[in-house]
Amino acid sequence: MSNSESLRPSGRAANQLRQVKITKDFTKHAEGSVLIEFGDTQVICNASVEERVPPWLRGQGQGWVTSEYGMLPRSTGSRMRREATAGKQSGRTQEIQRLIGRSLRAAVDLKKLGERTIHVDCDVIQADGGTRTASITGGYVALSMAIEKLLADGLLSESPMVQQVASISVGVYQGTPVLDLDYAEDSTAETDMNLVMTDSGHFIEVQGTAEGAPYSMDELQAMLALGQKGIGELTQMQRDALGA
Amino acid sequence: MSNSESLRPSGRAANQLRQVKITKDFTKHAEGSVLIEFGDTQVICNASVEERVPPWLRGQGQGWVTSEYGMLPRSTGSRMRREATAGKQSGRTQEIQRLIGRSLRAAVDLKKLGERTIHVDCDVIQADGGTRTASITGGYVALSMAIEKLLADGLLSESPMVQQVASISVGVYQGTPVLDLDYAEDSTAETDMNLVMTDSGHFIEVQGTAEGAPYSMDELQAMLALGQKGIGELTQMQRDALGA
Amino acid sequence: MSNSESLRPSGRAANQLRQVKITKDFTKHAEGSVLIEFGDTQVICNASVEERVPPWLRGQGQGWVTSEYGMLPRSTGSRMRREATAGKQSGRTQEIQRLIGRSLRAAVDLKKLGERTIHVDCDVIQADGGTRTASITGGYVALSMAIEKLLADGLLSESPMVQQVASISVGVYQGTPVLDLDYAEDSTAETDMNLVMTDSGHFIEVQGTAEGAPYSMDELQAMLALGQKGIGELTQMQRDALGA
Amino acid sequence: MSNSESLRPSGRAANQLRQVKITKDFTKHAEGSVLIEFGDTQVICNASVEERVPPWLRGQGQGWVTSEYGMLPRSTGSRMRREATAGKQSGRTQEIQRLIGRSLRAAVDLKKLGERTIHVDCDVIQADGGTRTASITGGYVALSMAIEKLLADGLLSESPMVQQVASISVGVYQGTPVLDLDYAEDSTAETDMNLVMTDSGHFIEVQGTAEGAPYSMDELQAMLALGQKGIGELTQMQRDALGA
Amino acid sequence: MSNSESLRPSGRAANQLRQVKITKDFTKHAEGSVLIEFGDTQVICNASVEERVPPWLRGQGQGWVTSEYGMLPRSTGSRMRREATAGKQSGRTQEIQRLIGRSLRAAVDLKKLGERTIHVDCDVIQADGGTRTASITGGYVALSMAIEKLLADGLLSESPMVQQVASISVGVYQGTPVLDLDYAEDSTAETDMNLVMTDSGHFIEVQGTAEGAPYSMDELQAMLALGQKGIGELTQMQRDALGA
Amino acid sequence: MSNSESLRPSGRAANQLRQVKITKDFTKHAEGSVLIEFGDTQVICNASVEERVPPWLRGQGQGWVTSEYGMLPRSTGSRMRREATAGKQSGRTQEIQRLIGRSLRAAVDLKKLGERTIHVDCDVIQADGGTRTASITGGYVALSMAIEKLLADGLLSESPMVQQVASISVGVYQGTPVLDLDYAEDSTAETDMNLVMTDSGHFIEVQGTAEGAPYSMDELQAMLALGQKGIGELTQMQRDALGA
């Protein structure tokens, strides 16, 4: 399908990612720091190493990887209430940061990490759809950078990374399965599915929600195929960014 | 497969549901009240009608369906902290009740419901795995009862129910795809997937998480097939319970 | 007084309890579990043993008994807000659970209990007046069951139970002192008094509130006499339930 | 009984109140302001008039009386945590302020008060036992002063006060029923009972708790008699303070 | 300037303090207790000694001085919401108590204090402007009393007090720089500046805010000079109160 | 003073600002968006227009300008706890955002703004000292951009901006008064003073705190002079950025 025929607001082909850009060392303090952009979506992913584990893991000879997610109040089209002012994180925020943490833990052998925690903070500077998938994809790079630093500093002798983890959204927009929904598509799509996958094409997480009409088995299969293609491209970009 | 060959702790066949029981009118005040049991998992689902909608929906000529989820502190093997005492709902609780609400809204034409809210409270009395899928499946029955009462009372002249909604878990346990995981399976399964589907076999929600190793496309397809079978049985039980 | 002359909405005699039913082992996980019913009031009382004491009691060679109380949102005629969602327990809830805990501690020699805590969770499934008195009366049975389990498991060699504890409400309804008020009475009674007493007829707690006009010394004495009668019957039912 | 024979730490007779002092106009802003002292217990009671009622009472043509209670962090022997810092009021605080509000409402015909609220803030400057009973007894005076001001300002044409309300503690200390426990007695008493009564000797609230052994009917009767005596003296002091 | 010429609502000269009164031992439990009055502003300052330090200071061989600030709900012209009820301290309260704590720490050599904390609670009984400066000035006296008690009790062998600390407000009222603003001035002043200074005339804190038009360098200099005069008088009163 | 003689860790002269950079339109959604950098300190300032005012201002024919402040968890050398997770903003955060809001309101004639609110969100991406002064200086530019947009869109016919507002820190570092402290200086400075001033050299806010020894009048005067110089340079940069 040529761009000129595209039904997508952005003019993209149905199976085309937005322009993805990964900028390393975006801030100076974090052990791993990345700005990841999916088109106009921009997320800072900072990985911080802490030399201890949560209380419930102490003394078990393993590490932990966890994540927190936030959005600047005006990262969105109209200003949202700041969660620190509201006094709590929304259900949506908690759901997203639980997903990011779970996904990134799949990339790491926690036993090999040793008794330390890596916090991956994903803060959305500008939102245009797909902030959680960008957070996972960029968070993996920040996490890898922090691990590289631990290796370079001699705090780890062997890498605990076991596989690459990336994430992408797929959906059904105006009846057509499409890859990597932006906000214009996401806000009106009938179905929105987030996939978290490995570089070998296995699944870590599948989360598909019918926003409008329920979707059929055929639509599900089409979305899974689009996702596999996108994940292949993203894991290549991660390797390029990490110089691997 | 005979029970004697089963690898499942309960002796069930891989594609066999636990014994499911739906008791209507379990409590007397709610417009719709159900105790649903999946084996040892017991959930009270109470549907309450409120003759107004949340502030952000006012004046739009439509209704709302929402859900809250809770567990009695000793519904589980060891006592959990009461969320009312802790001063907040956990991320897990919020994630579950958002899922239940989203799923049940798919059963209803909110325009036809009129400017009223139906609250579906799902409270787990005893937990043995699958509390969220039991909540959705039982919540649908309680919701339907509340709608029937609105019709009987003349507050609605036409039913806003558009399709049946039920939910079941599937997973990979010791390398084998299985249907309807109980706690003994759930706590050690490699993969846990919750499906929310309609009586016509379409998908409302697919949420599959690799707890251990990522799962392959083949495993994903096997789990989807098991889920379709289970949903077919559950929607029949819902119809039986409702006398439809 | 015959029922036909009764002024009570339920037709009961002034000194007559509602039908009280105690179902043991209502849920399977708790060390002691009871469903207690006073007419349409239904409360699940679960006693959980924890092998440690609160920080302020550590190292003092004694145990602790404490209670938490909750109501399902639709246990009542119109739905109440869930306290876990509101982010705190109401003053009423806190007042009730402090009363239950204080009352049940009177049943136990905490020194003999050893350094462990018994949590008694009282959750109201259906409310029709008298939920706090039902909680205490049923909570005593659940607590006794947990103690029996500690004895059977050899964790205690001697029972720390020192006396039975039960509770009942009395009040002045339409000018007449009555026993065990149901919701129809409670909501319009001039005076509502809760008594917590022992099997030997002594007082642990007397809480009497004039909702309308203040009550006279004569009315107070009449209520105390009714309460003594009711407590005698309830402590017998507790013994029957426990097989003592 | 002469003081030399007294078993009470203060040397008081069993039926003797501490020295009670009521200072009017203790602060200048409140419509009614009182410092009440029961020996070393000192409580500021400020009554504030607000020309509206809580949302749930609006448009019903009646007023409201409510109370809040607090303790300065170092009103007690060792410093307590400030509740504003802790982020919530304790269960004890909520229980006390609910009691004060309920008691003071018994003094007022809320219909005659009109659509306004009187807030009675009781803040303990120095604590030596009996702060809740001092709050009620002093709060009544502050409330009466605020009502007098409304009458003087022509905002009310007829007094809504219907009866006097005062409160006192009684207890069993070292086996002897005593009146008006101070901290030395309260902290070791077997039984502690708070009475709220009217000037005509009727009961608004009876709250008696066995801290040690349960108390007998005889002890209960002895405490009630002591309380009646004390309330008689306190209501006289209230009248003296108000110049009535 | 004679009072008859004064533009100030109180008739004071521009460089004249309100009547300041320091009453020691205002309450009986605290190690240091003071009621300080600046005209109608009344603040209770209680210093409490705790024989430990906050977790982040443990094992460092030094002590800590901290402060909390509160206002009785009706210390002000119209009733404010109680912060314990609201569930949090306002930004203003936190800002003030951080200022008080920082200021009082300047009076103490924390190394010489030893591993203990002194809490200075400043509670406003009646407010008429200048509550934070009264809190610091009175808090210093309460703190000194607590130190004297530690010396008298032999818990300290050498005083850790290194200098006196006092505080006063200055401002520009109707175009004229004035000393010690009361509420009538404070609420309409163009500029309000709080100074915290030592007995040797050095600055611990300068906080000047233009409420209306920005202030010039000349006005700033005039306010600083007024402040120096006022601090000189206040430190003398502190010495008089302490008998130093 | 040449750089080679400087005692400052950065090699700057005592009266030299860090390199300041103002990037407009840093994010795309906000009506005014700026990234401001003071050396390694980076703050995103987003101004959002809301067409209504807070409840307490309604119907008074004026607008409002307010600010919120936040730091990314890893904007600092070691990771800080996320305030949205902690459930509240720290006292420091509240103090800073109150200062920013107060300062920016001095730039605007709120009557001319009309009944609308401008929210200025200042989020620190990377911290190296001086985040609050950078927030005010950059916030002014973002605020001006939002006003320009209101003028361009015809929502305002006349600019409500009355003066420029900028802010800078000064301090005493190793005995020498210096301008614009970075983190290395700020963390060990004896005195830290933040000045908020107008383009005409008047004061909006002076906040000077002795972290170590109190500072003398001479040191205060030296710091004020340095601040005046710095503000002159910053207001020029603001005009350059705005093309004014």
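Points worth noting:
Each chain carries a letter (A, B, C, D, E and F) given by its place in the written order, and its residues are counted from 1.
Operating definition for what follows: a contact is a pair of C-beta atoms (placed from the backbone, for glycine too) under 8 Å apart; a residue touches a chain by one contact, two chains touch by 3 or more.
These numbers were taken from a predicted model, which means no experiment stands behind them.
The minimal number of chain-to-chain contact steps leading from subunit D to subunit F is 2.
Averaged C-alpha coordinates give centres for subunit B and subunit E that are 60 Å from one another.
Look at where the CA atoms of subunit A average out and do the same for subunit C: the two points lie 52 Å apart. Between subunit C and subunit D, the centres computed from C-alpha atoms are 28 Å apart. The multi-chain contact residues of subunit C, meaning those touching 2 or more other chains, are 88.
Chain contact topology: the protein chains form a single closed ring, every chain touching exactly two others. By the touch criterion stated above, subunit A contacts subunit B in their complex at residues 88, 91-92, 94-95, 97-98, 102, 106, 163, 193, 197-198, 200-210, 213-217, 220, 224. By the touch criterion given at the top, residues 27-30, 33, 40, 42, 44, 46, 48, 50, 68, 70, 72-79, 82-89, 93, 119, 121, 123, 125-126 of subunit D touch subunit E in their complex.
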